Every structure is written in C-alpha cells, then in structure tokens.
C-alpha cells in the first residue's frame, strides 16, 4: 500500500463524508421534525449540481454557481413544502415514499428535457486549478480543500443555528418529540417551512460543490440518497450530531472500501472480500441496527 | 365466599423497576390467590401502571421475580405469558377498531386455542373458536351486535369488549387495568356485578381509581405509594389503617 | 356470514368481475399486435411482483423497499443455472428461483423484522441494495451490463414445447399465457391465504400489532412467515421475467423495482387484493397512451403517481367499491392509525 496514496484516500473520504453530512443532515431534520421520508432528497442534490453546471456554462463562474444553488435550494424547498409536503406530514410512509418517488421521476425527466442525458464536466475555478504539495511527492487538489472548507463552514453554521438560536432550540425539541411544537403553541408552519427549505438548500449546495469533482450526469443523486439514508439511520433519526459523525465514518469506510476492495479480487476469497468492501456501509448499517435499533445517537423509544 | 384450598396463582418477589435512576416500582412483593379479587390502589404516579406492565411483560423489571403458578415468568415475552394463563385488559381501550366485535374476540380465542397445524384452514373449519368467542361476549354483557365494527361501539361497550377479549382465552389470572375508565355509573355497576361472578373462577388483579367500586368488590387491597407497598390487607383493615388515611385516602379520595 | 376477507370480492359481482378480467386477458392476443402481447406480459409480471408485495403491504401493514431484490435475485439464479446456450427445463429453474428467493427472504426478514416502521423500511432498503451490489459490482452476473440467459424450456413430463415452432407473430404467446396462468395462480394462492386463519392473524397485526402480542400471538413469527411467502412468490415473478425477456441486469434488483411495485399497489388500491393487478395494467396502459403524445414518459409516469397519491386515496379499485361497501366499514379507515406508540407509564 502506497502511503501518500493512502493519505489521499483518507482526505477523499473526509471530504466525501462532509458532503454526505450536508445531504444527510437535511434528510434527518426533515424526517425528525416533519416526519417525512424524502426519497427525492437525492434529486435535490442533482438539481444543485445541474444549477452549478448551468451557471458555470453561462457565466464561467462557480463563485456565482454556489450562491445560486443555495438560494435556489431555499426557494425550491419552500415551494415544495408549501405546495406538496405539508399535506403529507400525517400520511402513511407508503404515501410519502410514492410522493417522493414521483418527484424523482419528474425531476429526472425535467432534467432530461431541459439539459439532456449527457455527461457534462464542470470546470474547477481557474484560481483553484492546482495542487497543494503536502509532502515531497504528494500533493492534493486545492479545490477539494475548498470543498472541505465550505462544508465545514456550512456545518458550523448549521450547528450554530440548531444550538444557539431560538428556532434551533425548537427544531431540536421537535426532532425528539414532534408534538412539542403544537404544545408550545409555536407557529409550527414557520418551523416546518424553515426546516424543509434549509434541508433542501444544504442538498443543492452539496450538489453544486460536487459538480466539478464528479461531473453532472443523470441519476447522479440516486446512489447518494441511499448512502445518506444509511448515514441517517446509523446516526439516529433527527440527530444532526449523529449525522455528522456517521457521515464521516461512512465517507471514510466507503472511500477506503472502494479504493482498496477491488485489489483483493482474483481469488474466490478475494472476490468475497471485494464484494463485502463494496457493500461495507450496508453491512455496518445492519449491524448498528441490530445492536442499537435507534441508531448511535438516536433517542431510545 | 369461602376459599377452602389456598392456592397462589401469581406472585411477585421484590419486583422493582426504575427509569433512569427514578424508581417507579420498588420492591413490591404480593400474592394473588385462586378465587381472589385483589385490588391495587394508589395516587397518580404511584407506579400502578408500571406494575401491571411489568406483570404483563411489556417492560422488564430491574430487579425481582414474577411467578405464575410457581413458574418463573420474569423473562418470558408478552405473548408467551398469555399462553401460560395470564390475560390483561388495557386502561386505554386497545381493541381492533376496524374489525367486527366477534372477530376481536375470536382472535383472542385463536391466540391460545388454535394449533399451528390448523392455521391454513378457514374460520369455518374451526367453529369452536367462534363459539367460545360468543360465550365470552355474553359473559361480558354483549349478547348481540357481534357483526358491528368495534370502532363504532359506544365507549362503555368498547370497555366491555376489552373485557370479553381478556376472558376469551380462559386465563387463570386476569389483570384488569382500570376497567371502569370513562364509564358511567350504570355501566360501572354492571362491570362490578361481572367481576363478582368472575372472581369465582379466576384470580383477578384489579387496578382502579374508583374507591367505592374497589371497596365494594375487592377481597384484598394493596396500596402503592411512590412505587412501594404502603399497606396490604382486607379492605376494612386498609381503610382503617392510619398510614393509608394519612397518605392517601385523606388527601385524594 | 361476513366477507371472507376485507381484500377479496364481497359478492358474486366482484368475483364475476375478476373472472371477466381473466377472460379478456386470455382473449387479448387474438386482437392486438405482437408488440402489445409482450408489453402486457411485462405488465403481468409487474403485477405478480406487486401482488406478492401486497401480502406484506396491504394484508400485514409492512412497507418493504427491498422486495424487488428477491425478484431480481431469482432472475439472476435462472441465469446462473441456465446461462446463454445451456437451457434448463422449467421444472428445474422455477424451484431454484423460488427457493433461493425464499431463502434470501428468510435471512433478510429474520433480521429486518426486528425493526419497525421507518427503520424496517430502511433495513429492507439496505438489504435490497446489498443484493443489488452483489450483481452490480461483481462479475457474477455480467456486472453492470447484465447478461443474456437461456430461457427456461417449457417442459412437462418429458415433452418440450418449442416457441420457435410457432409463426413469428405468435412467438410471444407462450410466455404471455404462462404469465397469465402464473398471475391467476398467484392471486388464488394469496386469496386462500388471506381467507385462512393465518390471514386473520396478519389482519390483526395490521390493525393493532400491540394487541395481538398481548393476546398471545408471537407476531414476529407470523410476519416472518408472510415475508418468506411474499419473497418466494416474488421469486416466481422474477423467474417469469427471465423466461419472458431472456436477460438480466442490475436494474431488476434495485430499489426502483420495489418502488414500482409499491406504486402498482397504491394506484390499484391498497384495500383490494386485485389492486396491484389493476394498478400494473393501468399504469402500463397510461404510459403507452402518454407515449403517443409526448417523449417524456417518466414525466407522465411521475404525474400519474402524484395524482394517485394526492387524489386516488383508495386507488382505482376503490372507485368501484366505494358505493357498495360504505355501510360495512363505518366512517374512514382508522385501522392503520392506531400504530401509535404506547407509553409504559
């Protein structure tokens, strides 16, 4: 195993974990506070990535693309909450699953209609298009460092919102006990709107940040959605702190598993190891659920 | 009523349960004999509900043991206790609201009386389940209206249905958690009469708020306060106990 | 005497309706182009998968997002025992497909049924994805590209029926009629199961599992039995897919397959066993009609799902039953509402 390569994989895993956190924190808040299973959350990520692609293509500036993805996400989230989701808070899981499945189909098709089904690369901003030398013979992409920095800043902002503001306190309380919002006589509609809009914006920003790393392509949010659910379940429903640690854990395990798993392939045992590495996060999730059915940071019922 | 042979059906020894350091039930030891109606009273928060849930197996004790007919059932899951002859009713009516009255009770019979080998047959192949269900309904004072959807019954009738479901498995021990909750005086009188006839065949552990009712039907009383037993004995003795008068009856009844 | 089961026809009119549906399906190949015969075969396979899932969703109240994995796994098993150029008779491939799907369901069910509600949904999803990745990320079944397989031979008692002996326009007929037969058998099996005392237990679990436990039902075992039966029947549907298409790829294992099956159930109507069949056929038909007008098939499908969730609360079959059954069920169906947590005071 090459040491510099290993450090690079660790950094990749860290950066991937932080992106996962942006997606999963919205998912966990939306489930915890609103009680909605949002399968379309991966599509929101996809929308953010395509928003960045469109802006970069038109203006050449990712610096514009990021705020557009963020504000657009807030707006999109607010509209979705007002028009659709608020009618589904009290509905069956099955209805929520299908509502959001329908949204996936609609978002994907809209993407195909407006932009098409091709892969598109999104250039890294010229100013960051270089590598930072870490040690002799090993350097790491400057843009990835930016992604890490932005993710950390956003995570910091989110924790500040949740921990230090009045609405944050309500959100925390509601994630533990959704009825509390009604008991306290708080304007529940406002809290719901804020949570959904913020959750959506976090996903779209994550998409915009990821666009230069992964390119944009159809169904790009699909794999991330499932992984984000794994993050939420392992972290514990409604727990942003849980989502943070579990996102980092999953980011590392998934990255290292995918990087080093295939190298085992060849023998029968090696193939099994490789397959196991490919689905390591799912194995982990099942193990956590059997051990602690409400996740690592979840409230015990 | 005389009881020639004393036979302990249910017994707890030092039963305790705490939630996060807070003791909800502490060191409760009591017995329930065949043919006896043993009532547990106590102010709100005295641990009565926790005690019933411990007996039924919904929650696990932090210490102590539960014996049913001499057999240790402390570790048995909820459903296994039903098969060993323990049946309970719930304080908040817990029935199958969208099923018919008959089906509610028929399921209760099926739970204990149907061998797995006959599961794939239809209900018509097991008429005895229906007969036993009807008998339980009649006993609980619901002789007709069996096709009605349970959720459409009046509250008092739902309480009676709840009792019918408890009786249906022909249990040796009945745990009745506030069977009068939300009932009118007339319905209450009917339940009192029912309990008196039932206590001949079953051992009944009754949790109840209504003092007049408790003193009218119980053979024995246990007063719980802050999770522990304050006093236990015949109703007239408990009523006369200064401890009880001071701690409970004086203030709340 | 009360109805045999909430989800089955209550009177002769309903039964006659079902029979008429089967007759129409049986006659259809004589009236439509070969392309549509294939299309309806696909729809009937979707209906079988959704029917098997309905034993969990409609009858027991368990929403699983991993059901498609048993279907896909079974199809892949057909590929593994009869890869391209090495056809096996159906009496080998079908049991292999069903047994492997049932066995997988036993393992997945035993673990995931320890979780409830949202967590059950997630665990089934995770297990489904694990099976998906086995075929997606390894070379076992041709990887991401999928693989062609030898369609199982339609052999009975030593006699093999060869579809290529038919004129070209009728080559899709055998698969069609096998699928129709299997669909009818699946429905009848499930109907018998629902009518049985076992079905009554599942209904009790759906309405109020907590009470079932207190009555003495070991609900976990009943749910596991239902899960395994549903998985085995999904395996039969997956076998039919292999027989019909002769091709497997990871898409048939992924969670979209499960969501599609849930969609058929909801569109057709949760309250009826015939719902998934109606849903699958209607969805296919609507998609086909939509394609006449627009390129955006997914958009139309998404809008149909949206409409089904927003407007058709009881599905298409609910439209027919509404009038006749109102008085039996009182107002609204609060049956599934009482899954609320019960505190231990």
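Order of writing sets the labels: A, B and C. Residues in every chain begin at 1.
By our rule, a residue touches a chain if its C-beta (ideal position, glycine included) is under 8 Å from a C-beta of that chain, and two chains touch if they have at least 3 such contacts.
Keep in mind that what you see is a predicted model, and the values were worked out from it rather than measured.
Novice: Of all the other chains, whose mean CA position lies farthest from chain C?
Specialist: If we average the C-alpha coordinates per chain, B ends up farthest from chain C.
Novice: Using mean Cα positions, find the chain sitting nearest the overall protein centre.
Specialist: Nearest to the common C-alpha centre lies chain C.
Novice: Roughly how far is chain A from chain B, going centre to centre by Cα mean, in whole Å?
Specialist: Once rounded, the distance between the two centres reads 50 Å.
Novice: Could you grab the centroid distance between chain A and chain C? Build each centroid from C-alpha atoms only and quote it in angstrom.
Specialist: 32
Novice: Need the CA-centroid distance for the pair chain B / chain C, whole Å please.
Specialist: 43
Novice: Please give the residue numbers of chain A that touch chain C in the complex, ascending.
Specialist: 31, 37, 39, 87, 92-95, 97-99, 101-106, 108-110, 112-113, 226, 229-230, 232-233, 237, 271, 274-275, 278-279, 282-283, 285-286, 289-290, 293-294, 301
Novice: Enumerate the contact residues on chain C facing chain B in the complex.
Specialist: 2, 4, 193, 195-198, 200-201, 203-204, 207-208, 210-219, 328-330, 333-335, 338, 342, 344-345
Novice: Spell out the part of chain B that touches chain C in their complex, as residue ranges.
Specialist: That would be residues 49-50, 53, 56, 58-59, 77-83, 88, 90, 92, 94-100, 103, 106-108, 110-112, 114, 118-123, 126, 147, 149, 151-152, 165, 169 of chain B.
Novice: Note which residues of chain C are touching chain A in the complex, please.
Specialist: Where chain C meets chain A, its residues are 57, 63, 65, 111, 114-115, 117-119, 121-123, 125-127, 129-130, 133-134, 137-138, 255, 259, 262-263, 265-266, 270, 296-299, 301-303, 305-306, 308-310, 336, 341.
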